[in-house]
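These notes open a run of structures that come right after.
Below, chain A partners chain B and then partners chain C, in two separate complexes.
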Partner chain A sequence: MDLSFERIFHPRRVAVAGVSTDGFGFGRGILLSLLEMGFEGELFPVNPRGGEIKGLKIYPAIEDIPGEIDFAVIAVAAEAVPETLAACRRKGAAGAEILSSGFRETGTEKGAALEEAVRVEAARGIRVIGPNCFGIYCPKSGLTMLPGPDLSRETGPVAFVSQSGGHAIDLAFLGKAVGIRFSKMISFGNGVDLRETELLKYLTTDPETGVIAMYLEGVTDGDAFFRALDEATRKKPVVIYKGGLSEAGQRAVASHTASMGGQALIWESILRQAGAVQTASMDELAGACLALSLLPRRPYRGVTVVGGGGALGVAACDTAEAYGLQLPPLTGEIFEAVQAVLPKPGSSAANPIDIANPYVPPQTLEKALTAAGQDERVDIQIMVPLLYHFKALAAMLGLPSIKEATPYEAMAEAGARAAAATGKPVCAVLPNPRRTLADLDVEVILREARDSFLKRGIPVFSSLAEAFSAVRHAARAARRLEGHPD
Partner chain B sequence: MDLSFERIFHPRRVAVAGVSTDGFGFGRGILLSLLEMGFEGELFPVNPRGGEIKGLKIYPAIEDIPGEIDFAVIAVAAEAVPETLAACRRKGAAGAEILSSGFRETGTEKGAALEEAVRVEAARGIRVIGPNCFGIYCPKSGLTMLPGPDLSRETGPVAFVSQSGGHAIDLAFLGKAVGIRFSKMISFGNGVDLRETELLKYLTTDPETGVIAMYLEGVTDGDAFFRALDEATRKKPVVIYKGGLSEAGQRAVASHTASMGGQALIWESILRQAGAVQTASMDELAGACLALSLLPRRPYRGVTVVGGGGALGVAACDTAEAYGLQLPPLTGEIFEAVQAVLPKPGSSAANPIDIANPYVPPQTLEKALTAAGQDERVDIQIMVPLLYHFKALAAMLGLPSIKEATPYEAMAEAGARAAAATGKPVCAVLPNPRRTLADLDVEVILREARDSFLKRGIPVFSSLAEAFSAVRHAARAARRLEGHPD
Partner chain C sequence: MRDDVVSRALAQGRSILDEHEAKGLLSIFGIPVTRERLVTKKKDLAAAVREVGLPCALKACSPAIAHKTELDLVRLNIASLAAAARAYAEIRQAMGDAPGGVLVQEMVSGRRELAAGMTRDEQFGPCVMFGLGGIFTEILKDVSFRKAPLTRQDALAMMDEIRGHRILEGVRGMEPVDRERLAAILMTVGAIATRDARIKEIDINPLIVRRGTPVAADALIVLDDGGRATKRP
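Let's look at the complex of A and B:
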């Protein structure tokens, strides 16, 4: 493996250039964030004015740092970036991330010239991430991106490469909440040096990475990228959200990261040929990453949906069809076994399995899932407890709060037991509809419940559509890894 | 107007049949809910065992109630429903809602026979809502549906007719939070008597109703329904979500409300011809209702999006195109006026207007919206403050909490002032991504901010896609009301 990547993602000595002692500039922000994340190495803040911050000496210049550095975070004004980068190279840094903007994305000659100067400097022997980016997040070393003081330090299988800093930080926070854990995340912005193709190749061989996700606005060398992609998808699932596929989107891409966009149909067919999973939004990408992190790699096709309420079942069927999944109607002995555990009247054992009211007892849930999982056409099961209804139940039963009325731990346990008994994974959908401030207790229960499910390895989605989409993507990736043509 | 509808929605004397003194049966639940809602009339609980509940005498039978009744809520076992309904008719009730299930939806001969008995009884002179339904919610009179003890008592323009009780109660709660206010809501379940066509006709003439929304699984008389629909959409917008359009969905519909489904393409073309707004989910229906409640009736086409972050702009363009809206690129004087107020570098005044970071100062927002609104191609503007980022800002600034860092009141005011100055409405998108329990403060801010925007008549959506979809639906309804063919 290229040792410079090791020094970039797990650096021991890091310079942060452009740290002011107050205000909220990027340099100070990222330094405080690194401290809060508990970054494992040494930090050397740099600013011509000198001084001290959080007990760390601020060096007037990169040159003043004692000894070598492995990596640098550069947050100085665009004009000063090329010389700062040169100083970092002379200090032995393997790489630097440039958070500053003011380069080619401005559409000015001056910006373009500055970016060219950075490119020339990089070619002399220092790898560059950026400029106009949010940098690197690596939970293992404690490197964090802008503005990430409280990202997770737990490592996981998902790597994310992003041309947008906003999408990167949003996914990092979302992942923390919904259970997506990362090996490393790279926001590369204008991508003057390191970008999609080289990062994809590196992550394909990275043993810490099991799933590669990418947000792209454009690629610099289409042929090279698609060769690397075709190679990567044979080893690991690669999930791609390509932004700027519309006409107006291409215009926006140009002013955002100065990339060339590309036509929707061409991208779609090329990504498909190369075996990638394509998504139409960041939420969809996140769902696919969650499923690929937690579910066994299988070509899922048949699904059951278990929940309370007939209209939910109708929506389940309509949605499944839209996502190319099947809800095989249960019949014969299996139908009867499911029907035997359901309350009457109002329930339905046909699949979707309708438990007739939103207060699904965990035991009923476990029995229904265990019975339905015997059907050989069923590959995966989705339970839909409508937890927000339990507030009304608590009120009706005179219980002190929604917490006492909501058996979410037992529900999660029921799902885990049914999955173990049948060998078919179980997912949960916990819809999280908007509510008033008076219903903040419902939000608390939903978040606690999500953690209970995740603790047992059960992925939680917020809608059936999201769950179906994620399962379909996981199935597609599995077929690719098994060597099936799409 | 049919006086029986007046007595059904605003009854003064209401019997509730099937009220037990404890447990959580439907009868007890709806009685307690009616008390909590502050129902304006008199309530007469009924149960053969007698007794007392919340200071109200429980009558052994409908016949024992002194004097006439206007309306009845029936929650007794299916077998006892026909005779209870007959007793209500003899007591002078104009109508009754039957919450009990155990009828045609069971697929049994017994269920079908009981439903037929209800139909025969209804034909003798009492209007029936249900069976197998959640009943009526009417904020003005305080009638509430199951299980709704804490629905809003504020009246508004939207009427909702639903074949699903679950969808109805979910929309009632969602509406309370996001600012959709209702004239009346009717969950009609199996719809043995009153159902889609007659309710649609009534609501078309109802002066309290300005927007009609419907969730349908099937219709009993297609010709009559579409004639009524064609008539209705010339007077008021009608928004319809038709469930069960897939093959599997039709199967689920059969076991849910025993309706016949129908093919997707046929429904789509017929709804379009009749001038209705068709949605593909309840969330989409809710978005359309919100826009139709708060926005002036105009044929919106050109949109600006104002927010922080370039990738947001890219997504905005891609999404707008998918929804048939246009993001006209600003040029000339207007472009320069917007550019003059934006911070540099990293911003873009082209539309989407990128304020370059998520911490959009309200004054900048107001100036940008006011300048962009001068463009004659712009019909409506959407601002996207990413409030969840303000937690990091609070930390960076050393502020005690996210509340001190987040100027949501001033943002809402900025939007309202720009709308007043330009005559072009402003919407807000407040994305509400999933977060951990530690970020519950972010959720609080989001809900407070939503209320601030709503107080100023600014609809709040949770994604750009939702906003664009709602605006497109509002535009379509406006064109229909102006008499344009679609």
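Let's look at the complex of A and C:
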């Protein structure tokens, strides 16, 4: 375990360079965010003008901070960054994140020269994240990225490494909503020092990280990255969304093979060869991370879909097949057992299991899931309670609101009990076609329901396709970890 | 300087190995290729045809011509010596001043055409390609890649990855393709690339399946001449 990484992600003494007492500059923003997050260590704001902010003394220079520092957040103007970084190194900092922009991304000679100066300084003995990045988010220590004063402090298994700061902060917020918990998140921007390969190697050995997710645009050393990835995926699932895969720029080449080698195809093949799970969007990456956080590592193939009527049936079969999953039709004793618990008529105990009633009683769901889970071809079950229909039920029964009519807590419990009884995990899909302003109460109930399921370790998705995609990715990662190819 | 076909071509200022040279190189590494004779003088044609046997194919063979089919420089299913002489004359005339000769080649009978190859990716280095061959390579783009060097498992996985992978099975009374032989070919293509950095691109297309066994029926090798050669096809 590299001690300098420990001091970067869990620093005790942190300098924040470039903090002004008012306005909305990055330095002030990140300092206030760190305070809001309840960062565990000591903070030392720095600005040549001095003064005070939120009861903290502002030091005129890094040199004026008493004692050593572990880490620094640098948000000064680009011209002042190399010098500030040097001061941090002399103060004993193991690393620094540089939020400032104005480097290579400007496409100017001046920007490139400044970036080179940062690289040279980093090589003298301080690890650098950035520049032009959103920095590190680490729920355990309370380090946060910008603008994230209210990210989750709950720690979890997923690490995310991103070239893009926007994707990082978005996933941090999305994760908070959908139940993905992070060990650490690193937005590395221009990546003069630490970037994909080194961070991947570190996270492979990091005991706080169980799942590695990455957003990449390009890599600096393809060979080194390939080797690190090939190694990492044998130990932990690695989920990658590669951005910028357009078919542009076909080189003028003489052979057919070279003209076939569009960037997208090569990347896809290489990531597969190295055992990574590849997604085509950030949403898909989030779904895979959620499934990999909550589901046991198994090579899932057989799925049941248990829902409350509607056109679930045919669509479920078609969709599952597209994701390489199967819906084995239930037969014999298991079919009989499922049929015995279903209300008649109109229900179907084959698979998908159609309960033919939008207001499915939780006990019925539990019994159906418990019976179907006995089939040895079934590896995982997906329940689709149509909670949005309960709004109409509330009106029919004269209840004051949808809340009194919707037994989501009992449904989550039913799923959890069935999973425990059968040893087969259960996922939930909570769709919502009611999306008008008048239906905000439905949205509220669905958010509450999501939390109920998550609390019991049941991943929740918004559509069957999303659930199938996530389960497929989880299965792929499991096969890789077991040493099987696809 | 090594005395091999690559060194000689580079010494001549060429960045292309013609079909005959390319297949010669591939066969040294154990990749099965068609039986063939290069004819540069008309008087040697009859002997070549006798050696290769009938029916045979005649093709223009020149480092200056990369895509001979498009230029109508290929004659297939030649059944007699007289037909071979006519084809030879036609091809020769169409080639004009291009250097090289005419390749007399056995006809490989097989209804399935595959393709194998190698390209050097800017980020990942040499990558081996596998896919459907013949005209389908460009139309369907049904191909997969693996970074070289390839393990046997990589080679087998890339066969399953193409959409048309069922063509490798025993469909319509055809024998299933010998996957181990095919894997060996793909691994060898990768090994050639990692051994010799001067080889920039390899094209084996079509790789015809004859009674379950793949045979290279055409090949092209592009060399990295450091941008010196002016002659590009």
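FYI, the second predicted complex is superposed on the first by the 466 of 486 C-alpha atoms of A that agree within 3 Å, B and C clash if a C-alpha of one lies under 4 Å from a C-alpha of the other, contacts with A are read in each partner's own complex, and residues count from 1 in each chain.
Following the convention adopted for this analysis, a residue touches a chain if its C-beta (ideal position, glycine included) is under 8 Å from a C-beta of that chain, and two chains touch if they have at least 3 such contacts.
Since we're looking at a predicted model, the values are computed, not measured.
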Contact breadth on chain A, by residue count: chain C or chain B: B
First (chain B), second (chain C), both or neither touched by A:78: first
Touched partner set for A:215, first chain B, second chain C, both or neither: first
Partner chain in contact with A:435 - chain B first, chain C second, else both or neither: first
First, second, both or neither for A:226, with chain B first and chain C second: second
Partner chain(s) touched by A:123 [first = chain B, second = chain C, both, neither]: neither
Touching partner for A:266 - first (chain B), second (chain C), both, neither: second
Where chain A meets both chain C and chain B, residue numbers: 253, 255-257
Chain B residues within the chain A interface of the complex: 24, 28-29, 32, 78, 101-102, 105-106, 111, 132, 147-150, 163-167, 170, 173-174, 176-178, 215, 217, 243-253, 255-257, 281-282, 308-318, 320-322, 326-327, 329, 344-346, 348, 350, 352, 354, 356, 358, 386, 388-389, 392-393, 395-397, 432-440, 443-444, 447-448, 450-451, 462, 465
Touching residues (chain side chain A, partner chain C) in the complex: 218-219, 222-223, 226, 253-261, 265-266, 269-270, 272-273, 485-486
Contact footprint of chain A on chain C as seen in their complex: 16, 66, 115, 117-119, 121-125, 127, 129, 131, 137-138, 141, 143-147, 153-154, 156-158, 160-161, 201-203, 205, 220, 222, 232-233
